[in-house]
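Chain naming follows the written order as A, B, C, D and E, and within any one chain the residues start at number 1.
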Amino acid sequence: MENLVYIALFAPFVSSLFALMFVMVPKQTFVGIVASLLLFISFLASATLAYHIAMTNEVIHVTMMDWIVVGDLSIPFGFVADHVSVTMMVVVSLVSTVVHIYSIGYMDHDRSFNRFFSYLSAFVFSMMVLVMSDNFAGLFIGWEGVGVCSWLLIGFWYHKKDVTRDINPSISPSWAANEAFIMNRIADLGMLVGIFIIFWNTGSLQYDEVFPKLAELSPVVLITAAIALFIGAMGKSAQFPLHTWLTDAMEGPTPVSALIHAATMVTAGVFLVIRANPLFGMEEVAGVSYFIASLGTFVAFFAASMALVNRDLKRIIAFSTLSQLGYMFAAAGLGAYWIALFHLAAHAFFKALLFLGAGNVMHAMHDELDIFKMGALRKKMRWTWLYMGLASFALAGIPPLAGFFSKDAIIESAFNEGSLILWAMLVITAGMTAFYSFRQVFLTFHGDARYKEFGIHPHEMYTYVLIGMSPLAILAAIAGFGKDWFEGFITNLLPEYEMSEHTHHLASILGAIVLAFAVGGILLAAFKYIKGLKRSEKTENSFIYRLLSNQYYIPQLYAEMISKPYAELSSIFWKSIDMKIVDATVDAIANVVYKSGDGSRKMQSGNLSNYLAWMVFGAVALLIAALISSAIG
Amino acid sequence: MFEQIAFYFFSVATIVLFLITAFSKNVLYAMSALAAGMVMISGFFFLLDADFLGAVQLVVYVGAVMALYAFGMMFFDATKDVKEKNASTTLVVLLGGSVALLLTLIFIAPILGANIEASYPPLEGATNPQSVGLILFTKYLIPFEVAALMLLVAMIAGIILAGKKMDISLTDIEEDIAISEEEEMILDEKDGEK
Amino acid sequence: MDNILSVLIFFPAIAGLLGFVIDKNSIRAYGISVAAVEFALSLFLWATFDGTSAAMQFVELIPIVPDFGISYYVAVDGISLFLVIMATLMTLIGIISMSVKNEIKNMVITLLFLEMTMVGVFVSLDVIVFYLFWELSLVPMLYIIGAWGGPLRVYAAIKFFLYTFTGSLIMLVGILFLAFTYYDIVGVWSFALTDWYQLKMGVNVQLWLFAAFFIGFAIKVPMFPFHTWLPYAHGQAPTIGSVILAAVLLKMGTYGFVRFSLPLFPDASVIMIVPIAVIAIIMIIYTAMVAYAQEDIKQVIAYSSVSHMGIIMLGAFAMNTQGISGSIFQMLAHGIVSGAMFMLVGMIYDRRHTKLMSEFGGLALVMPRYAMIFGIMLMASVGLPLTIGFVGEFLVLIGFYKVSPILTILAGASIIVGAVYMLSLFKKTFFGEVTNEENKKLLDIDARETFSLVPLVLIVVWLGVYPTPILKPIDVSVSSMLELMEAKAVKPKTKELIASMRSEDKEEN
Amino acid sequence: MIGLNHYLIISGLLFAIGLMGVVRRKNLLMLFFSTEIMLNAANIALAAAGHFYNDLSGQMFAFFVIAIAASEVAVGLGLLILIYKKNGTLDLDDLATMKG
Amino acid sequence: MLGQISITMQELNLPTLIPMLIAVCGGLLILIIDLIKNDLHKSFYVMMMILILFVDFGSVLSLVVNDRGFFDLILVDGIAIVTQLLILVTSMLFIPLALTSKRFHEFSYPEFFALFLFMIAGFQFMVTSDNLILIFVGLETASLSLYTLIAMHNRSNSYEAAVKYFTMGAVAAGFFAMGSALIYATTGSIELYAIKDVIGDRLNEPGLSAVIIAGGVLLLISFAFKISLFPFHTWVPDVYEGAPAPLAGYMSIVPKIATFVVALRIFGTYIDLGIEPIRVIILVLAVLTMTLANIMALVQEDVKRMLAYSSIAHAGFVMSALALGTTKGDVSIFVYYTLFMFTNLGAFTMLWISRHKKRRYSLRFDHPYEKFAGLIKVIPMGAVVMALFMLSLAGVPPFSVFWGKLYIMSAAVDKGYIWLAVIMGLNSAIAAYYYLKLIVYMFLKEPNKDMNTVYYNISKPLMVIIGIAVIVTVTSVFFFQQLLSYITYMIDYSVL
């Protein structure tokens, strides 16, 4: 079984290295195939492990070697396959495999095809490290690793030049990549601090050593640790106010968006909270957890609101991802860790599917992303329409698709915790989710074929790609039925979450309310858009619309309030302080010395008479000194 | 009483004469005043029972030194006033005056020690030149010889510096005039290197 | 080979002397051979080094001026060993990658002499001998910057020399005072560091001495606000000069702190933790911002050096094994990474004779291999886990967290601001379209350049993944140094503090 | 009664006059005169002190000072002549090619 | 009436006089040889001189430490021996510099060599006595010879130099005489050991401390002139510029060290007696000297002038050691000068080698910095050697001057004068700039291609001298111990 752990972990790594060997040569399709195969192997290993664990409840723990050993600090490369990590492993490896296969088709014409697979597999490896590590430092390795891969992949088309925000809200892939990396780094600092707190208070970073000791620690320590770790989670999972990078990350190739910015990496924050549930679940940190839930709810709503008016196919999905992450955090914050994890998995499937579908559309539309320029694609791209429709239904929470079960559970638990405001917001958000999902579907696939104006001839994706996507579709459709089994499986490790009697009674009513909102949203969308696009100047110029379509002006705010002042301050530091004060002081000292040399050489007039006068002057001075000193003492 | 009168006379005389030396525009006046001042100083020496020293002062200064100066003066036109852009009088008076003041202030102190035994008192009953002679050729024999050496140095210096050979400077003349064998060799070597 | 250290020190010097007779066309091969032998010798040193012992090893002690306590006293321990190896390695790589064409003979000979001084600094245990090599190292560097540098080279070279020279003269006064203090107490003159370690001094004396040593070391490091010579030196120096300067010479300063300031003046060091940390944080954040504002690639890296040196300083004053070991490891990491970075900048400069970012853009398209290696080094520079840059930074921060969480959080901003300037540099240089016609024809790195860079890449990854071989000896030596500090501290508070800097776990035991 | 102090003071005054001359004079020859005054001033002090201590050392010193003064004159005049031959003037203002 | 005076040779202790006698007789010998045969080449005289000095050296070595002779007028203590040895070695090393490939006026005179020997004798007298008269006479003998030697270079600059030096020297002599008179008037003695006792007794008499200090100050002025302390240093740059390089180099060592010995004897007494004002005055002068000389050296355009200022600064350095009044301080004076001598010898010899008859690079200067531009490309060895000397002067280890500097700073620190050591350090840093300036010119600038080689005046003897200077400068670390222990031993056996 230990070998399986290593296989699951290192197959993507091997894949990455393999692809790396061909990075300098033109496209080699077999690179993609080999990579996909290796990923599939990883999936098989993960699945076998999952099966094994499900069967035996045995946690597999391996320690490869020591990494950093200094003083009392000992960090090994240790990996653990337990219920939580194996769930993640399966999800990650599965989605990755699909995305790899998909990419063979999607990146078909890209000259950096091989490089893409190298990066993509490297990402999977990092993600595996992240989820499998048995300690916080190892988690951080993966954490940073996925960050870098995300940077590489967002900036994959680095050759695109910067444009203004009006033309492309993300400016350029390389800009978006840097933004993502730097924003993540801000959060990573929090994560690091969390690690430090844990180390200095428990003397270890191993999960199995840290968690038992938590009970001994003071509330202050626990709260700061929880806050610090959550800050880390906020960055990776793009929670407000560190959310802007996620939509900009859509500059990356669509498979990347599917894998990294929907299914896996962005859920790392949620994973962290789930992983550290012994900490977040403590009485002492209840406040933090409630804050997490509240923030999650807020982000769910906040992101959904921006998705309502967006015209960019991928950005809409990105906002929806953001929104769904909010749901997950809400669940995790409320203590419903397993529900959060369940939603995480379900979301991974349908959101990846949605993105891949969007990728198909892009591929068909020659990288056009404006849904206002699409329409009626259903006729050209039936399978894609089906997939995206399915995924959207799942997203909207329509039974019996996966999203229904998971989201409903979250909303239910919000009600269960008595947080009616959260509950209400989540319900409203569910409605909004349904609306924007179907707004997108209708505008893309129904109505009039607006793309014709632009001379685009859309075509369906390669068949093998469509087949490759099918596992996701299937899972998006049926995963919800595994909920009870999953609960049984996962609560071996995670705390159970029992709905109160009261909630249990109201469960069906609550579900109905949510469903009503969802269906309402779909109907509204259908009403407005199924016939075709009817643009209204008035609406589009309204304050709310502009506010939403400009993402509440937050990117601009960041640019104006942070980026620009930072650049200006840097410039001031350099030109005014470093050069004009610090360095100038040094030079001034040197100059004063030098100038005083110029000044004092005047006494060296060359005229003997002056020299003699100096001599006599010296004599006078010395005699005076002699007199004074003798007078003094 | 005589001593006092003599002291003050010599004092005033030397001060006046030396002031003339220091401030006169005419070389002749200055030198004459200097010579006269030297004579007056020998007066101090006689007053101080240093007969030998007084005599030496007269012989050396008024005789030798002044002769030398006069000799030197023959090079220059002594009849005309010397044109000097003298240093500003303020500076001169300030510096000189402060030295005078400071030294006077210092010299007011009771310098003469009461319990100091003379290391080399004059011999009982001997004249001053006798005592001086005795000590000069015993204790101060070495300085005396060194002084002789110094005078030799001065003589050589005078001869060389004033000599004709200094008129043409070998330092300034480029080579090629007279090259010794060794020098030639070195030059050849250098050429070889090129 | 008991006298391997002497061989290590003087082999390059003798080779340098012999180099005068070697033909100009063969001198490069000669330089590489000598540096390779030297590097092999240093590896041999490592191989025969007992990593489990904290004692000074390969000790050689020959009195030179017994009346004045000066002796030729060299030895290595875990703290210095790897700095020696890094010095020899970077010299080797530097010579291999060197692109200087004119007066190459002088350059190689100068480098060999420089290598002598670098090795000498790290292995000397006699303070005067240390000072000797310390000062002597300025001379070859002066020549390298001044003779092969950019337009302002003379200014930069002189600034570099005078600034560091001034600092070290103040330090010399401190050295002499410390020697006198030793003499006063013990009655014998000695400049042997191991003798000085035994000396207990009053807190005030310690503070003054600390200040004197501080000036010497701080200018070399260089610490804010003494850092302004560095951008000039780097900006003007030829690639090889920058590589050696950044990789090795700067480390002399931080090495000095660890080797001298900490164990000699434990109380003063403890008192100075906060001031030093504040300066270190200023270095980290302020210089990172200044780096962000730069227009010249090399200047960015130069300022980034200052920023990274801030991390090293912070670690050195963490007063626990994690921090100090991390600090030493970070010295190595920064040496490798910044050396590589400067080499990379040099390569592009060789091609385009400009280092302005505005001249570039889209280089990743024309020079993919170059971009890849640059990217790896960049990631190491910003402290990506599994690269060499992370281990040190992580240890430093975790170590210093024990001292002050708030300051650590501020210092931790380095991972943010570092990413900001590095990524912006990378974006401006490598991303985007190739706008400049001249860049379109640029050749990717050639075999020689690859050969000099790949070892560094391998080291970056190797030590990032498996730092234990190096961390272990460092850890052993640092622990024993901390014990020494605790033992000789005169203030009970200091003892307490040093003791408390160990993790809770150990205290319970 | 005339004491040692009187002599010393007169010696000091003469010394100061010598210094004034030294500072004031631009003509080299005249400047040499002033240096002679300084030496002579010292001689008075030496002779006087010797007298009051009844000690011959002072006189001896003065004797040697006279010898020194004489030698200086010889060398000084030699230099003077050289300068005059070269420059045709003895003014110090014209003797300032080296400066700075 | 006068009685018979009988003095035995035993009492006279003739051997104490022999070293000086050798020098004097050597000078006379040269004069006589010149009389007999007057067309002998300068190399003959140079070698004669070296031989004479060698014999002199041997006779000094055979002196018994702490011996007196000639009515206690001659004092052979440790410093006297050390200093004489130093003077002789320096002379032996400097005199071969006459053997240049080009002809210079002074070496055409056999009298040059005679005067040189007389000068050495003068200095020897000066350092081997504690009698103010002999000191004065010796000093003047040496000085008068030196003035002449400078003037004999025979060009207008050297006359100017000689006149400046001479005139100021004459004034300084006046100060010496006056100071001695004051001391004599206070103590009734002109022998330093007696003076010490009397001053010690009379120190507390009312009103007298001013006189005692003033006497010291007046003497200090004349020494300050000789040692070149601010503000009595003004002659130095001009004289060095006007004098030929060998003499300039010589002047920066021998007259100074001789004067230091006398100053040490006199002010050592003052400081021993606890007369703090003198110490403070010396310290202030020393600090001003090194600082001002250093900053003035910064702006020089001529290397020789720069070296002149540098030697002033070095003198200031050493003077501050004198003010410490500790054995270590005294030792450091001699250690410093010994080590400084070799480096300075090398530096001035390099200048001498590059001396042209006509100024080629500048209207005014013989050795402007431009002359050395790009020397590394023209004459690599020459540049390296010169750089070595510059680094040594700047106090870069392990070259010779560093050890001297180290020891002086250590002496200051030991005495508790940390601030002094710091000032010394800062001054060294300032000084480094102008030494570096030459290195910068030699190594970092492009050569003047159209100009002739700067190796104009080279000859084998000069190369030998350079070689010696280089070897000693570089290997000083190996004999520092011997030097230190020897000088310490000698100082311990000194009457101070």
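Note that a contact is a pair of C-beta atoms (placed from the backbone, for glycine too) under 8 Å apart; a residue touches a chain by one contact, two chains touch by 3 or more.
In this text, all values refer to a predicted model and were calculated from it rather than measured experimentally.
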Both-way neighbours, i.e. chains that touch chain E and touch chain D: A, B
Mutual neighbours - chains that touch chain A and chain E alike: B, C, D
Per-chain Cα centre nearest the global Cα centre, belonging to chain: C
Chain whose Cα centroid lies at the greatest distance from that of chain E: A
Chain of greatest Cα-centre distance to chain B: A
Two chains joined by the most C-beta pairs in contact, as defined above: B-D
Gap in Å, rounded to a whole number, between the CA centres of chain B and chain A: 98
Geometric centre distance via CA averages, chain E-chain B, whole Å: 25
Interchain centroid distance [CA atoms averaged], chain B/chain D, Å: 5
Multi-partner residues of chain D (each touching 2 or more other chains): 4, 8, 11, 15, 18-19, 22-23, 25-26, 31-32, 43, 48, 50, 53, 55, 57, 60, 64, 67-68, 71-72, 75, 78-80, 82, 93, 95-100
Interface hub residues of chain A, defined as touching at least two other chains: 601, 604, 606, 608-609, 612-613, 616-617, 619, 623, 626-627
Touching two or more other chains - residues of chain B: 87, 91, 95-96, 99, 102-103, 105-113, 116, 118-119, 139-140, 143, 147, 150, 153-154, 157, 160-161, 166
Pairwise chain contacts, counting only pairs that touch as defined: A-B, A-C, A-D, A-E, B-D, B-E, C-E, D-E
List of chain B residues in touch with chain A within their complex: 87, 91, 95-96, 98-99, 102-103, 105-106
Residues of chain A that touch chain B when the two form their complex: 609, 613, 616-617, 619-620, 623-624, 626-627
Chain E residues touching chain B - in the complex, by the definition given at the top: 1-2, 5, 7, 17, 24, 31, 41, 43, 70-71, 73-74, 101-106, 108-109, 111, 114-115, 118, 121-122, 125, 131, 133-134, 137-138, 140-141, 144-145, 147-148, 151-155, 158, 182, 185-189, 191, 194, 198, 201-202, 205-208, 210-211, 214, 357-358, 455, 458-460
Chain E - residues contacting chain C, complex: 376-377, 380, 391, 394-398, 402, 406-407, 409-410, 413-414, 418, 421-422, 424-426, 428-429, 432-433, 436, 439-440, 443-444, 477-478, 480-481, 484-485, 488
Complex interface listing, chain A residues touching chain C: 23-24, 65-73, 137, 140-141, 144-145, 148, 151, 155, 158-162, 172-175, 177-178, 181-182, 185-186, 188-189, 192-193, 195-197, 199-204, 566-567, 569-571, 573-575, 577-578, 582-583, 585-586, 590
